[in-house]
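So, here come the structures, one by one.
Each of the two complexes below includes subunit A, the first together with subunit B, the second together with subunit C.
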Partner chain A sequence: MKSNIQNNNYLLEIENLKVYFSTVLGTAYAVDDISFKIRRGQAVALVGESGCGKTVTALSILRLLHTPPLSHLSGRIKFEGRDLITLSEEEMRRVRGRHISMVFQEPMSSLNPVFRVGDQIADVMKMHFGMTKEESFGKIEKVMEWVGITDPHMRLRQYPYELSGGLVQRVMIAMAVVCEPKLLIADEPTTALDVTIQAEILKLLRRIKHEKEMSVLLISHDLSVVARIAEWVVVLYAGKKVEEGSSTVIYAKPTHPYTKALFDALPAKSGGKKRLNTIPGSVPLTTEPPKGCRFHPRCPSAMHICEVKEPPWIQLSPEQGNACWLYAGEEIKT
Partner chain B sequence: MLRYIIKRLLFVIPTFLGVSLITFALIQLAPGSPVAYKLRGEGGAMRANFETEKIIEQTKALYGLDKPIIVQYLLWLRRIITLDFGKSFKDQRFVMEKIWETLPITLQFTILETFLIYLIAIPIGAYSAVRSRSFLDQLITIILFLLYSLPSFWVAMLLIMFLGGGDWWNLFPVNGINSIDAYAYPWWKWLLDRLWHIVLPLFCMTYGGLAGLSRYMRTGMLDVIKQDYIRTARAYGLSEKMIVFKYAMRNSLIPIVTIFGGLLPGLISGSVIIETIFSIPGMGRLGFEAVLSRDYPLIMGIFTISTFLTLFGLIINDILYALVDPRIRLE
Partner chain C sequence: MVWSEFKKNKMAMCGLVVIFFFGFIATFAPFIANDVPIVMKKNNRIYLFPNVIKYSDLLSENLYANFDLWKPAPGEWCIKPIVPFGPLRQNLEVVLHPPNRIHWLGTDDRGRDVLSRMIWGARLSLSVGFVSVGIAVLMGIVLGSLAGFLGSWVDTVVLRLIELMLVIPTFFLIITVMAFLPPSVWTIMVVIGLTSWPGVARLVRGEFLRQREMEYVLSAKVLGLSGIRTMFRHVLPNALGPVYVSATFGLAGAILMESGLSFLGFGAPPPTPSWGELLKQSQSYVDFAWWLVLFPGLAIFITVTAFNLVGEGLRDAMDPRLRGGR
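Then we have the complex of A and B:
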């Protein structure tokens, strides 16, 4: 089924990514054998609780993790056919911001407080296209207007502290699209913003996907945010991929107990009760992951095998797959 | 900005009043008096007879030393407002005149020191931070720690002994700031002669501040490198050079600039010991001699000038602060 022609539709292919850190508590298996793919123009969401490896995955795509604390990085991160893991630091630098860009969770601390926002974007253009400040300011103004900043001429001469959180996030997004990269990584882009601004930023991310034809890797713990953007969802738990599939299928019929629990915790699913549903316990430290399935200590349907043997990947349909012993034997033949 | 500077200038007045009052009281409380010094100086051993007592009382009355301290202070303050610092008890020359002769020499040292300290400490600190925990960083740390803990008067003595014609080499002069016949030199030779003379004292005045400041720079830079905006700069493909020298440097300079204000009083008071050891005719040595001879008008004059210099430095400091950190300009 997988022909070469179809492979070319993938912008980013992550295969068997492993990212370990050395910590005082021992080795942390932050990302442990994760694979997923992003098509051109597609939005993929990485979902899971804090500490499950979402941000680490994103940072390793841009190779922004350093030794120490990084102790092991392996697997393949194929971007347009090139394996980013094998690139030299200088080659990687030319990819960052130019072909892959990233928007961070805290807009206010993500921009340098002592430089004007326009100058910071201009430095990115200078780095990648050798443009002078004067040359780039025209383009930057246009992009700032496109991301919905009124009076960009004035705004680009302001410092981050003179702008609101929502405006700074728009500036960040302007910086992320100004070089017209092919992939935008958005790491919890709306978490630090209030609800009305959140909706506008999400609308903006959708526009980026449609009008700029960029792929988006959205990182979020908020399934309601994910539903509005992503076509494909990858659920992570304690450094492992536990479920993956198209968002329509996953939202209609989540299979993995962890994914189900995440959906049950949504306010709408708690059915007007005063207390929201929760998942008992917390994400285990990846320095001492539980044996077998990493979710078994918190899983309501845990069986004996879950405690001893790690579940294999089970492809339930072309649109959905999980790693759960409950579905062993239901695999489709490919 | 202008309003802020004016406000800062107005703050100088109460600060000055406080500093001068404390100084005045401290000097008066210290044992010994200018009268006793005078008697001892002129007539050898002091004799406690009626004649002596009479002379003491007369001298005290002459200088107003018989009045209560607070009255003396107010009288002094009244004269200061009209910029009248009075005459030195010791040689009856005008205090302002004596200070004016020595101040440029001390200022020359202070300015050179500040310049050198910043010029060397910033790159050292930045390097240590960027290559933190490397061999060279650890070596620098040890050397700076040693330097920081060595008292300058001791180092000065060692330098004189080893490099100044004591027991080993005779490489540098240890007396004054120019050769005796320097006035007849052409300008370039005069300048070289001056530099040759100030190498040792300048080193003694500089190394402590240098060691301290480069540690501050290292800490500041290490803190900045961990910030989110540095990660952003990396994530957008800026070169390491640009990240270190532009994005991290500017932010690390903010705490360094604020330290300037705290550095200045130390530099001025540090000159007292070093100028005395190297027989440099600066304000520091003048102050040292004035204290020994309880020359009240001269002491107060020097303190007043030092206070104003320090306060002036603090205002420059605030202006620099606003220049490196745009968030301050809101005032």
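Then we have the complex of A and C:
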């Protein structure tokens, strides 16, 4: 109980999370020893290229990975003091949607095509509050209006295929927040949408954070999206956390070569040049991660030690830390 | 969405109209072809629908067995159906008459009206089709979804069972089974149903395996819906699409199967009118009584074709890959 009170301002604490899969190529170390924390009402972003373990982290928070292919899940996922890893499937089911909810990248395929939108949301309400359809429709209409759906009364009675991509994403968000969860995981929520709708959805996510005081875990590879929402950024590379810090600090002064490279690849940073900057190579398969620092084969400033020894976590300031040998010895004393 | 696609397919729409036509005839057979009147006045009382309700005082007069001989006395009247002959009513004065003004499609070797028998036969043939396909679809959905949802050994058992059923020639299995069972319409329905589920089960299983990987299943889980609820409330309705198509084709198959069985004498016991049964009776007179062969044969052909057309239309309308091909 004591630790509960101490960490009261943290909603979710992930400690030493390890998620391994068994594949035909051998064990994939999809998430390897990742830790981070989310405060109440805070938005945290997981950033990295495809295959870095962002989505796997999110799915393991909700315990939606199954054996097989999951072969190993360890660490602690403390949510309001409870370790989600130790919960039974039944207890976990009551957490999903009620306390932690998730929005996916592809809104169209995330709704069941054969049911009316309202019925699907009502199904969630029935599951968690035992409300009948009639009881929940009033509440659902309010939430739909709140997420910016005009004429919710009509939209409720439409099928997903009758709605546009942006509307469906709003419906998905309405469905995710209708039970007022404390944490909303948004997995690339804007990737499938066009730019104007992206901006509106991001605005909506910010409103959710402020008005409903929900924490948001944003998963994205798009640093410009992250900048608009997240207060804290966690950069992942090949299943490892390479840099972490408040977004103001990281955007002003990225330290890890991978984070720097990500920023350099942004169109604005490429300046007037015709070609955008890229990071040579691609994310290594997590079945055979490189020895030492996992980024060293692509790192412009790789040293000898990077190939042999894995860098330790270096806390540069209370607001920033990384895992890079370049900064060894610059650690602040705590 | 499917319906608007379907409407564009003229052949399939024709098929649907034909099916509705036959369905209507089958449903209202007692009102279309019967020697029992629809409304009648007798004994100073008006009897409404004596063709579907058995009135005890008419029964006591033994009128139901002799309606063909009954003539309204003064003060009595009746309205008879458009084809005023019962399907079982024999009249030995008009044996094997070719189509004429009284008997539009002629009479058979016992003087029964062929049109009346065909109308009642539609009732039997269609209900055999629907009931047996109903049984097959139900079994197929239950077994297929169990296999697709539970996987592991259940899947293996169901798959082996399907294969077992598929290697046995169904028609001969049914003939063998029917030889041991008391001949009745219900046995035919059940036996055809019990032998034609494997196709449906395979479809449903395949769809389950495909649908369970879809994003909406994951998002249903994310929102806290239980596995069973997701599977049966959300996945099952999505998995049913191909089943509708296969059921339509199954209906055609079942009707053909019933006709074949009746033709070979394993079907509904005579004198129950069914299209196959009518064909069987016509065998002995096939060299001159063309009306006995042509009309039931045509009825079977048209119905089966109609169901197949509808099935094809449905398949094309549901499959976006085939859309716009025409």
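FYI, the second predicted complex is superposed on the first by the 328 of 334 C-alpha atoms of A that agree within 3 Å, B and C clash if a C-alpha of one lies under 4 Å from a C-alpha of the other, contacts with A are read in each partner's own complex, and residues count from 1 in each chain.
One rule holds in what follows: a contact is a pair of C-beta atoms (placed from the backbone, for glycine too) under 8 Å apart; a residue touches a chain by one contact, two chains touch by 3 or more.
All figures in this text were calculated on a predicted structure; none of them were measured in a lab.
Of the two partner chains placed by superposition, A:V226 touches none, neither subunit B nor subunit C. Look at A:A323: by the touch rule set out above, it reaches neither subunit B nor subunit C. In the superposition on chain A, contact of A:V114 is made with both subunit B and subunit C.
Common to the subunit B-facing and subunit C-facing surfaces of subunit A are residues 62, 64, 93-98, 101-102, 104, 106, 109-115, 123-124, 127-128, 161, 172, 175. Of all residues in subunit A, those touching subunit C in their complex are 62, 64, 93-98, 101-102, 104, 106, 109-115, 123-124, 127-128, 161, 172, 175-176, 179. Of all residues in subunit B, only 227-229, 231-239, 242, 246-247, 250-251, 254, 324-327 touch subunit A in the complex they form.
Residue ranges on subunit C touching subunit A, taken from their complex, read 1, 214-216, 218-226, 229, 233-234, 237-238. Subunit A meets subunit B in the complex at residues 62, 64, 93-98, 101-102, 104, 106, 109-115, 123-124, 127-128, 159, 161, 172, 175.
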